[in-house]
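Consider the two complexes below, in which chain A is the common component and chain B and chain C are the respective partners.
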Partner chain A sequence: MFTLIKREIEDNLVDFLAAALLSAVFVFIAISLAKANLGHEPQTFSIGLLLVILPITGLVFMGMSTGQMTNDKTRKVSAFLSTLPVTRTQILLARVITGVLVMLVLFLPIFITATVLMKMFISPYVFAYHYLMEIFITIFLAAFAAYCLGLQIGLSSKRAGIVLAVFIFSPLIISLIFIKGFAINIIMLLLLVVIASLVRTWQKFVSTAL
Partner chain B sequence: MTNDAIRVQNMVKYFDGRCVLDDVSFNVAKGSIYGLLGRNGTGKTTIIRILLGLDSPTRGQTHLLGSESACLRPATRGRIGYVAEAHVLIQNYKVGRLIKLYKDLAVNWNDNFFNRLIETFRLPMDRRVKELSMGMRAQLNLSLAMGIDPELLILDDPTLGLDTVARRQFLELAVDLLQKDGRTILFSSHILSDVERIADHIGILRGGKLVVDCPLEQLKHRVRKLRIIFKETAPAQLYITEIINQQIQGRELILTVANWNKQKQVLLDTFKSESCTEIPMSLEDIFIECTRADSAPITTEQEA
Partner chain C sequence: MAKIRLHSPLGTAVMNLSRKYILKAVTTGFITLTLLSIALFWARYSCESALRANMVVAPVQITPSGMLPDEIESDPNVKLHSSIVAHFNNEPVPLGSVDYFKDRTIAGRVSNTYHYSKSSGSPEENVIYFDKKTGLIVYHWTHLVRESDLSTRIETRNFYAGPNAVAEKPNRNMGRFTDPIEAGQWFLPNGSRILYDRKLRRFFRIDFQVKTVAKGPEIKKDREPDIVQIDSPLDYGQSRLSCEFVPPREITPEPIEQETTEENRSLTGKRTESKYTVTIYSGSSEPYIPILDRSGRIDILDRNSLEVTGPAGWLPSPRSLQSSSGNPARPKDLLAWRYFTVSLGPDQYIGLVTAALNRDGTAMALATFDKNGNLTKTAYSRGTMTLRGSQHPSGSADAAYFGTPWAPTLTITKYLLENLHPLALAAASFITAGSVEAKAGHSAVFLMPNSFIAMHARDSASDFFDRYFVALLMILPSIILSAVLAWRVGKSAALTGLDANAKWTWVIATFAFGLAAFITYRLTRSRITLVTCPNCGKPRRPDMHCCHRCGSQWHIPEITPPTWRVLNHSHVMSE
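Entry: the complex of A and B
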């Protein structure tokens, strides 16, 4: 399993570098916003952050996973790996773990920066760690959901339906976040999307002809 | 406990409503070398892909080393070497990286043997797979498949695209490697001289059906091509069953018959021909006769 993850990481090194670069850009934006003294109100700060991060990361991760699966199909990587002593589930799991690692490279520095900035600029009475945690989990899950949907788009030969569903579903999720805020019900909804999407991808990946 | 390394039972496969494999059944005993023959598009690669679990059959069952193909465990896969048609390896990898990946994932790895092969082939480690010639890719693929010291080796048209010299080199080494240790080999090809050199058992596919499944020697023995000269015009109907092909030219009849036996000989004798001589047939001749649209299936001696 470790060999498969290592292989995926090496194959997607560009994605890791891009995630690190994007993360640096977001950290820079966050610091600039804080320095401009906009961080006095956590709601304004977080919504501003969300406005920038959410759609971009969604598209980035969807593109990344679609690319992973499309390259896999054209280069017949999984067809080759499947003839070796590994299972298709392990191949897919290694791919998903790599995607999660890229997400962590992108989001962890932003999360740490946001925590530090909030502690620095916001009064301890207003600062709520759990609130920041909810934002982080929501953004992470939204990106993960986009990643999983991208896997399906890359894997499927009939992509139009999935792409359409994504374009209907994404604004719905973002609107829900704006209406309800970062709350547990949004996290549960995203978790559901992630699980359903992963199960469907796994089911298709293990049964499709390679 | 079965003595078969490969079992294919009533395999049927449809692609877009078109039947490409029609009730194919055969077994490959442990330690034997099975040559799977057929013209292009007769389903050889499909059978191999289904056997390896890369594709699923519409109906039927396949087993490799006692395990069902669809759910081969990594431990079982580790005992199977595979040389793919056109040598589908990860094209953008450097040779060294591909070898390391293969080695790291292998259950068994015979380093000494593999290094000996690599030295023999002089494969460049720093070149990408896609930059290698077809011959080099074939050599790399065979080396990787042999490196795991496989119990079962599946070769899907391994000499496809190789020039005569590269093909000869590949086969000479393959024959040398394959004949050791009693490995089971499934060898698919349409280059019949290659198969004739290696295989001890033959299966021929025609239009998705397995029309021949018997030992090579038995096949040569059971298919007869006769040149019969009659006193007068050759009869149009001989009442002999399983005629693969017959050509009449005046008094001369060229007859190819499957499953030749004493009864057929007796029946032929009743026509009191002037002369009857046997035309020697190579595997290629047999293959051409057997892949004719109207040829009869060739069964094993027990079935006949």
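Entry: the complex of A and C
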């Protein structure tokens, strides 16, 4: 399993580098926004940051997962791996774990920066720090939902359809955050989308001819 | 799917196939429903925002206010009578992400911080918050103290208030607050503060300066105040709805330049002045504290005795598109509201003013009540309808939906979009119309609390027949669409080779979930090539145990052992 994950990481090294770069950009934006304002107005700061981060991350992660699946098909990676003593479930699991790792590379530095900036600039009486965790979980799940939908879309054989689906579905799923905020109801909804999407992808992946 | 026989390996395989198919249909269906609902939400939200943006928002006014004694209003020097003016803005309703931050910052609905002030560039800080762990209200005070030698030091003090006492250190004898609601957010922390605890069912007055807690009488259980708000703080939509009392004014002969309001412009060159002291009290530092309960009723709390005195008024019901006004409006049915008491001089209470904005932000109502809580005057927002080139006055909600340019097109688009939503969810929106909070309703993705059918459901004036028959008519396009899609699915299911049970499940699901179920069916239907059934001659699925048309099993020829044997040489010899 570790070998599979290592192989997936090597295959998606570009995604890791892009995530790290994007993370650095977002951290820079966060620090600039925090310096530019705001004493004790977390709304402007947080919404400003989210408006920048969210649409990009949705597209990035859905694009990444569809890329993983289409590459798999074109380079016959799974077909080769199936000749070795690994199951298709393990192959898919390694792929999903890699996706989660890329997400952590992107989000963890931003989360840590946001926490530090909040502690520096905003009083806990104005905005309690534990809400940051709620925000982080929601954003992470939204990105993960976009990633999982991308895996499912990537199984399709129509390239034009895949591109169109990525550009339609990633803003839709990410916009859920703007509609609902970060409370428990959206966390549950995103969890259900993630589970449904993963189950469907797994079902299709283990039964499709490679 | 086809008949399942558990005892046979083929039956088990068919059951696994059936389970897989159900899982496939459910997961695909959920994702389709979610994505379709989000897309439809944005389309509806755009229509609603455009409808509101097109509205011509005129202020609602009551002149004379009817609250002041006749000797003041009929004073010959009074040229402009007292009035109450309310405005509302037609900006798009903020969605969940904005509300999330708003509710969690100072004095927000979820925040435990009631007051926070900090001087810029100085460590001085004043905070009043509810500590959930200890159940105490904490006043945290940081101050810069100048010593006699001109040096400064930072002094920090904490005061803790429980239902029984205020002290500088918390102790068990202070008791615990469980579910407190605090009065308005703009009062200075050094004044006394009023709060109500929902569990303890009492009002409390806390004074941190003299370190006292005054406890009001327990509110009897038979009288359910279910208080949602003390005073009328800013976060309940004041930015969306504003309301003010304008005292009577007399005209003096001094010409002026700077008067710019509409009223004063008509009296060119005259200064308007008020000599009447009409105090508008809307704060807990004042003697009359209005409190709002869940039913929309407003009572007055006596600041000194902490007793609630009879009804002072209620929130008026705006004239929405389908609902009639008249009944008190519940806070949860309103997008915004305002209320304040009016007093003549410092202690002569003369009445209450209330204003309310309806769920979809298209209609407003204004009401005044006398000192006994009787309704004296009401006014409703008005608009103009353009019909065949001529303009006619109408209610603002009617004008918003049909009167402004492009309004009919946007209204019809919104209606059609609502009818693309699954029938089951439209029915659920009808049933739950009154239970979803107005503000939350604007962020609802699956239900449609601001749809036409939900508006109709909230119309309490309609009778049983009207309520259900008109509701059915309203979702007729949705019913027709669902029926057509269900018929197509049924037809396709028969051709694809689904058995009767599976086919009817799909037909019912498509009727209930409309477009979402239809897309799911198209995405998940079997693409197996059918074979001819040897029994009925019709096409049947090769992966099913029984024919889905005639129920016959596969004809498996019985293998009987041959009567002859091939014997080798040793056998022949032994025989």
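Keep this in mind: the second predicted complex is superposed on the first by the 187 of 210 C-alpha atoms of A that agree within 3 Å, B and C clash if a C-alpha of one lies under 4 Å from a C-alpha of the other, contacts with A are read in each partner's own complex, and residues count from 1 in each chain.
FYI, a residue touches a chain if its C-beta (ideal position, glycine included) is under 8 Å from a C-beta of that chain, and two chains touch if they have at least 3 such contacts.
Only a predicted model underlies this, so the values are computations on that prediction, with no experimental measurement involved.
*Asks:* Which partner does A:119 reach: the first (chain B), the second (chain C), both, or neither?
*Replies:* In the superposition, A:119 touches no partner, neither chain B nor chain C.
*Asks:* A:189 contacts which: chain B (first), chain C (second), both, neither?
*Replies:* The second partner, chain C, only.
*Asks:* Looking at the overlay, does A:209 come into contact with chain B only (first), chain C only (second), both, or neither?
*Replies:* first
*Asks:* Taking the superposition as given, does A:176 touch the first partner, chain B, the second, chain C, both, or neither?
*Replies:* A:176: touches chain C, not chain B.
*Asks:* Kindly classify A:87 by the partners it touches after superposition: chain B alone (first), chain C alone (second), both, or neither?
*Replies:* After superposition on chain A, A:87 lies in contact with chain B alone.
*Asks:* After lining up the shared chain so the two structures overlap, which partner does A:197 touch, if you call chain B first and chain C second: first, second, both or neither?
*Replies:* A:197 sits against chain C, while chain B stays out of touch.
*Asks:* After the superposition on A, what does A:149 contact: first (chain B), second (chain C), both or neither?
*Replies:* Once the two structures are laid over each other on A, A:149 reaches chain C alone.
*Asks:* Which chain, chain B or chain C, is in touch with more residues of chain A?
*Replies:* With both complexes superposed on chain A, more residues of chain A are touched by C.
*Asks:* Kindly classify A:3 by the partners it touches after superposition: chain B alone (first), chain C alone (second), both, or neither?
*Replies:* Touch partner of A:3: chain B, not chain C.
*Asks:* For A:79 in the superposed arrangement: first (chain B), second (chain C), both or neither?
*Replies:* In the superposed model, A:79 contacts chain B only, not chain C.
*Asks:* Touching residues of chain A toward chain B in the complex: what are they?
*Replies:* 3-4, 7, 75-77, 79-87, 90, 207, 209-210
*Asks:* Taking the touch rule as given, give the residues of chain A at its contact with chain C in the complex, in rising order.
*Replies:* Against chain C, the touching part of chain A is residues 39-40, 42-43, 46-47, 50, 123, 125-128, 131, 149, 152, 169, 172-173, 175-183, 186, 189, 192-193, 196-197, 199-200, 203.
*Asks:* For chain C, which residues are in contact with chain A within the complex?
*Replies:* 20, 23-24, 26-28, 30-31, 34-35, 38-39, 41-42, 95-102, 104-106, 111-113, 116, 118, 120, 125, 127, 129, 140, 443, 445
*Asks:* Touching chain A in the complex: which residues of chain B?
*Replies:* Against chain A, chain B makes touches at 49, 52-56, 73-75, 77-78, 80, 82, 84, 88-92, 101-102, 104-107.
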